[in-house]
């Protein structure tokens, strides 16, 4: 069951081809890790998928519908949820209200239902006890969880996770990755997670890995296979792995 | 939130205006600042955008009544609701046009885009000599003719005061409806982080426009009540007077931006502060206004009610929106 | 061709319009702050010229230098009192504070100098040019404006400080990383911006024989923003070129409206300025020129 199909997309910034002819497909409930060093084009790819950028070439299909020309908020309503690399809560709103916004607009629930969905999402990620605090007062790890809860409350079909592990401790990363995988398996929510740091810890729990370099996909497949591809090893270590 | 305290204050003031007509002008002067702050707050407080051409909405309201009374004789008492409706509609239409163009722009650019709205319209009316041009519209004889002398005088005193208070109360209701629904969540998100709001499925322009048009309509009603009905005249130099937007923002910031009770507290303090300055240092009111706004914005950006709310327990906060 | 003198006089006053916009555009480019108190500094410059001339007999060029220094001082003050403390509080607070400051200055001027319209005449002869009798004082004002615009542009391109300014314009965070003292750049840009604006106010008095009064600033805030947006906010030469264009537009517009006869030409030109502002922001928010 294909959820998202990216067909030969190209994005140029001046002379630079930040994303250079990338194609892939994603199934429902699949957890995909996009791995690549800084500047490899993965953030641009994410921005193309959720509509912050429009591609110069290529098309993007979501549930079989061509969404290439849709603005971000319309794609969000179709079921794409985005969590930012640096968490961007609404700091002067409560934790609960932050999540209610996601349920109202991404999820399209009415106000009363949105509150219920938001509370449930907070329980799921383990932030329910802090629901009346102002989001500005949360710790970094809690903000990451808030981002996830906010995305979850939007009843997403696809979660777009921008380096959400950066800056977390190994233990927190482990919990976070388990949570994402649990969401994929229990709720059928597909996820695309960008990974730059602590690549193995994250990617090994993904269903599939795509490795990007200079705007192109250089390897693709199950974690073990993709991460040990000679081309990938070369990109990361500069010479063949011995 | 519970809107009963601010609504109660407006109703009490309205009762006072009817019970003691000799004080109605005083009440009108205080209520004008309250209602202006209240209306400005719906846009500026809820979006954190600033519109320097805002006074044009007051002017549109005033001209609505002025134009109906001057150019459509024979309506009798119906001239009042028709005129007010026209004024509110013109204010809303102006907000729709300016907003559709400028609300797609970010903060500073929006502010720049609005700088010319007020002056531009004034120069159009004066320059093209429409609606009485630079000489304005004098409405007293038309009001005497349409309403009868006694009714006209009553309308221009107690009637105008009641209308101004009605505008203020309506603004409280509008604020309540916006804040407790989807729009309230959307606006809170947009004013804190517009990009994140967009990615979460919120169409920022739509909600900013909603706040803008609501605010403009209320100011249209206020302009109609205060200038046209209350003063029985509409002079371009008066109704487009740029300092009204500063008054509105002074009241709003003094009380607390995005609070509901704030503009009532702010309006009260602001009126008496100005009055006091006028007595000890005549002619310096505008200077003191500007200084006051300046000081509040720099030193007490949450305003009185906003700061107070921070220190209240959640239950009490509900009652002091 | 009756329109030619209008075109030429439009270019001459447009040059000064360009001058009074340079500072606004510089400050916006560097600090991303729209100085809505702008017109009040133009007004201060106008009073410097007026009092300089009537009290001490100082010719406007001398007053211009004085105004530059005074304005720079005021600019530094504005930076320390308004802009810097409010940078964190957000855009709304800065805008409102600056707006209040503008009215504060205007009110203070009214209380100090009265609400009357004032003016002076500085006559140094005239020449006839293409059907236009051009007073040399105006020509001097226009040339000063041109020289300032070119000088500022050269300064920004050639000096270390200028390069620092341009680095901050392009990437404030990056500039900090490479060791540029961003706060100093902010301070000096505000001081220079306001200084040039105040000097522009002096040159403007050569064109408005009796137009000096405390509330004159509002209209020049509007005109300057129209021009700055036309030229692309933040662009120095863009602002100057747009000033020329606006001067011609206003002058020829005046001529056309006076031919039509039904409207008051000066008022209509100002109305069109506002329409122009909205249209440019709607269709070409990056300005008409790319310089």
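Going by the order they are written in, the chains are A, B and C; count residues from 1 in each one.
Assume contacts are C-beta pairs under 8 Å (C-beta built on N, C-alpha and C of every residue); 3 or more make two chains touch, one makes a residue touch a chain.
Note that the structure is predicted; figures quoted are calculated from it, not measured.
Relative to the centroid of all protein Cα atoms, the closest per-chain Cα centroid is that of B.
This structure's chain pair with the greatest number of C-beta contacts is B-C.
Put simply, the C-alpha centre of chain B and that of chain C have 32 angstrom between them. Note: centroid distance chain A to chain C, computed from Cα atoms, is 48 Å. Rounded to whole angstrom, the centroid-to-centroid distance between chain A and chain B, based on C-alpha atoms, equals 44 Å. Residues 28, 32-34, 36, 82, 85-86, 89-93, 95-97, 99-101, 103-104, 107-108, 111, 218-219, 221-222, 225-226, 229, 233, 262-268, 270-271, 273-275, 277-278, 281-282, 285 of chain C are the ones touching chain B in the complex. Touching chain C in their complex are the following residues of chain B: 44, 48-50, 52, 98, 101-102, 105, 107-109, 111-113, 115-117, 119-121, 123-124, 126-129, 242-243, 246, 249, 253, 283-284, 286-287, 289-291, 293-294, 297-298, 301.
Within the complex formed with chain B, the chain A residues making contact are 50, 52, 71-73, 76-77, 82, 84, 88, 90-93, 97, 100-102, 104-106, 108, 111, 132, 150, 154. For chain B in complex with chain A, the residues that touch the partner chain are 181-182, 185-186, 188-189, 192-193, 195-203, 314.
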